[in-house]
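Letters A, B, C and D name the chains as they come in the text, with residue numbers starting at 1 for each one.
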């Protein structure tokens, strides 16, 4: 199982801060994960594509859409950081 | 009567922090005052001539040796400021 | 000692600062501190409360990493960072950054750099709540450009 | 409020700072403070005590004048300056400078400039007392040059 985390306004779009999912075996990269989420929830899929949204896989920032998500325990979607 | 004040190492040289004096009527400038003090106390006179010693007449800094001291209530001799 | 903390509870900057300074070494002649408070108004009007969301684990690790970097760069041995998360009332402290050093320039530089980081690049998502409702605050495009330059 | 004070008695920076910050306006989001402590060693060896002589009336007026200048220049409404004079034990606070502002850059700049002034150009005469005796500390010729440039 993989925990998907949504922060800031992405949490509002997702309607929750966290989803527990079983990633299909054909989802290997950040881009594939975003597309898969967008199939089930087009609004959220579009929000995740917004410029400035960062992805962290197991708490490590992954800036390329081709980075691997397979086997991750926790994948976070983060809108632009607002600072404290 | 005029109060002469000595600060920092000038106080050590003067042997006191303050002297109450009656300025002779022929002492009109900072330079004349220093010379007059030096007559009675050559060590102190020399110390007052040291580079960086400032004079304040009634709490106003007087940087020129020709500035007037006549009628002053308080004349302070200050070695270079060390800061806090 | 480097100590960084993200706190969901209110904290008292005075007491924290007193405790931090009390532990100073005898050659730590300079203590610099910054406290940031939640302001009662913003560019968008009155603010009754600020909600700061953080990513537990990740946010703490990022703040600690930056703090260690900055402390090392300026050779400052003692730094304290406390940052609130959660719902913060107007007027309440949001952040405390303090540094002890033998030289004041290093202590000032460390606190200022950590604050620059915390105010713009730390992993928080900020929502202002006012009489007119709540809104997420995202960086301006100016902030965005500056950040990309830094990282570039 | 601008408050400046030369104190012959010991003071508690934490308590003073708490009182100062408690009186902040609702838009004073940034509080910067500096505390300088008497160090236990100097370039000349161990220091047990520092004696800071000041010129009563003159020293206070100079510190107030510079503080008002700096506060005005950076548009900082609230500044607190407390400076010890007299005999100060190693480890005791010598100086506290604090500023409240709506913008942190202004508060940092004000505190740093006031400290630069106090550390080099304020009317104090400093004597270090250690096991080997006492010595007056006068500015180095480097300080002197820098100061003459400023005034020139």
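Throughout what follows, a contact is a pair of C-beta atoms (placed from the backbone, for glycine too) under 8 Å apart; a residue touches a chain by one contact, two chains touch by 3 or more.
Note that the coordinates shown come from a computational prediction; the quantities given were computed from them, not determined experimentally.
Participant: Touching both chain A and chain C: give me those chains, sorted by label.
Facilitator: none
Participant: As a quick test, compute the distance in whole Å between the mean CA positions of chain C and chain D.
Facilitator: 25
Participant: Centre to centre, by mean C-alpha position, how many angstrom separate chain A and chain D?
Facilitator: Centre-to-centre distance between chain A and chain D: 52 Å.
Participant: If you average the CA atoms of chain B and of chain D, how many Å lie between those two points?
Facilitator: Distance between chain centres, rounded to whole Å: 27 Å.
Participant: Cα centroid separation between chain A and chain B, in whole Å?
Facilitator: The mean C-alpha positions of chain A and chain B differ by 77 Å.
Participant: By the touch rule stated above, which residues of chain C touch at least two different other chains?
Facilitator: Touching at least two other chains: 36, 119.
Participant: Two or more other chains touching the same residue: where does that happen in chain B?
Facilitator: Not one residue of chain B touches more than one other chain, so the list is empty.
Participant: For each chain, which other chains does it touch, given as pairs?
Facilitator: By the stated definition, chains touch in these pairs: A-C, B-D, C-D.
Participant: Taking the complex as given, what residues does chain C use to touch chain D?
Facilitator: Interface residues on the chain C side: 13-14, 17-18, 21, 24, 26-41, 90-91, 102, 104, 107-108, 111-112, 115, 119.
Participant: Which residues, counting only chain B, touch chain D once they are in their complex?
Facilitator: Chain B reaches chain D through residues 5, 7-9, 11-12, 52, 56, 59, 76, 78-84.
Participant: Can you list the chain C residues touching chain A in their complex?
Facilitator: 36, 52-53, 55, 57-58, 61, 83-84, 94-95, 118-127, 136-139, 144
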